[in-house]
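Chains here go by letter, A, B, C and D, matching the order in which they are written, and residues are numbered from 1 within each.
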Amino acid sequence: MSYARQMLDTYPRPPAVDAGLLAAAIEAASDCAQACTADTDADLGEQNLAEMVTCIRLCLNCADICTATARVLSRPAEFDPSATRLLLGACAAICQSCGNECERHAHMPHCRICAEACRRCDRACRDLLDAWG
Amino acid sequence: MSYARQMLDTYPRPPAVDAGLLAAAIEAASDCAQACTADTDADLGEQNLAEMVTCIRLCLNCADICTATARVLSRPAEFDPSATRLLLGACAAICQSCGNECERHAHMPHCRICAEACRRCDRACRDLLDAWG
Amino acid sequence: MSYARQMLDTYPRPPAVDAGLLAAAIEAASDCAQACTADTDADLGEQNLAEMVTCIRLCLNCADICTATARVLSRPAEFDPSATRLLLGACAAICQSCGNECERHAHMPHCRICAEACRRCDRACRDLLDAWG
Amino acid sequence: MSYARQMLDTYPRPPAVDAGLLAAAIEAASDCAQACTADTDADLGEQNLAEMVTCIRLCLNCADICTATARVLSRPAEFDPSATRLLLGACAAICQSCGNECERHAHMPHCRICAEACRRCDRACRDLLDAWG
């Protein structure tokens, strides 16, 4: 079991949303930040650099928004409703854009893996938003 | 002149939004992240700790969202429209909540200064959102 | 297999250090950043807040240094030798201090889990430093 | 006066090091993180991309280490001596490497400005380390 899930299970009061969905979003955002950071470095090693520029830019933004999202979701005691929803929306949106771009380069294994991490995070953020109602 | 503004002035093509508003938002978000981080540490040194918990939690979230916002805005060549707008909205929202809470403790100089940083960032994000149309 | 390891396996040239040790350090630092962020929030919900202040401060610093370490290690193509070694040393040092403090509160499950995450990251950073020679 | 300096002046007990040197290091690290993030984006818009790869990689690492350094220094109540010194050393080291590389491209205004931000942060970190003894 991930630390994210273990930590949530130690909270005296259950969080305002389903702990499973919350843990899944924390892990997906944290993993996606890592994959996008690594993908940027791998993209920079490719021959056809000019074709990778948009991918690099999206990965950099995706890593930063995912990092902030993972941190904010890791503090479940008191969510600011408006800011958290908008941040989850921003995270899903950048993961969708970045995932689409990485998929265009899916013949490169690093972009294929990164696209998968983006898809998972996009879904996890939307599932959490849906559960919040 | 700030580095943020100097850097924007070196761009071959002008960014998609007014460089003055963009530089103001980058600086305000960067300053607010710093003020919220310092305020958390100062709050933890107060006697009446129980009364500072909400302030600390908001400052932590505000610092993380401001850090992500400053980074994303610092890459003006290609903004992802949807993610950037939602992130600016999230940043304005958390700055408003955090500024309100810090203002409740404005008799403590560190909270008064932090409230000011939050107000400035809230305004700068909303001004940028308005300019984007 | 983690994304960190999968991404490393897609690199055309193997990284300058053992990919297993590198992936372990990336994952441990990323997990420790998350555990420390969650532990801060859980600490703030405890009754005896005054006794948790040092733990909160160490967790905040540990989360920030671990986040930077995970990001820098996720870009294996060209490590700056001096900065990377010092950063790994800083990460191991803060994980040791934070782990010791969390262990003092190990009767609280959230601190016990966080101590474990700190120990694992401390070890992973030292193993990587040793391998670098 | 910067928020960093204003916040330090509100501390009931003076920090363990000179407040002027501490504020200078916080501001320099925060500014350098911003300049390096913006420089990465500007580098990606250059024609001769292959020549910018090392600069981009150093800027990305420099931004992350500077962000962590600015945050840790912004919590002056209790510094972990060993971790803080190593982190300051890592920050000075990456600023030196990144500043050297940016200087090689100083005919590009964005790299010239970024080199200046790196030099200032390198110096501020070393001044703080010297003052700590």
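Methods note: a contact is a pair of C-beta atoms (placed from the backbone, for glycine too) under 8 Å apart; a residue touches a chain by one contact, two chains touch by 3 or more.
As the structure is a prediction and not an experimental result, all values here were calculated from the model.
Across the assembly, the mean Cα position most removed from that of subunit C is the one of B. Counting C-beta pairs in contact across B-C and across A-B gives the higher total for A-B.
Spacing of subunit A relative to subunit B, judged by their CA centroids, is 21 angstrom.
A straight line joining the Cα centres of subunit B and subunit C is 27 Å long. Across the assembly, subunit A contributes 40-41, 44-45, 57, 60, 67, 71, 75, 77 as residues in contact with two or more other chains. On the subunit C side of its complex with subunit B, the touching residues are 40-41, 44-45, 49-50, 53, 56-57, 60. Against subunit D, in their complex, subunit B makes its touches with residues 2-4, 6-8, 10-12, 26, 30-31, 33-35, 37-42, 44-45, 63, 67, 70-71, 74-77, 108-110, 113-114, 117.
Taken in their complex, subunit B has these residues touching subunit A: 54, 57-58, 60-61, 64-65, 67-68, 71-72, 75, 77-78, 80, 82-84, 86-87, 89-91, 93-94, 97.
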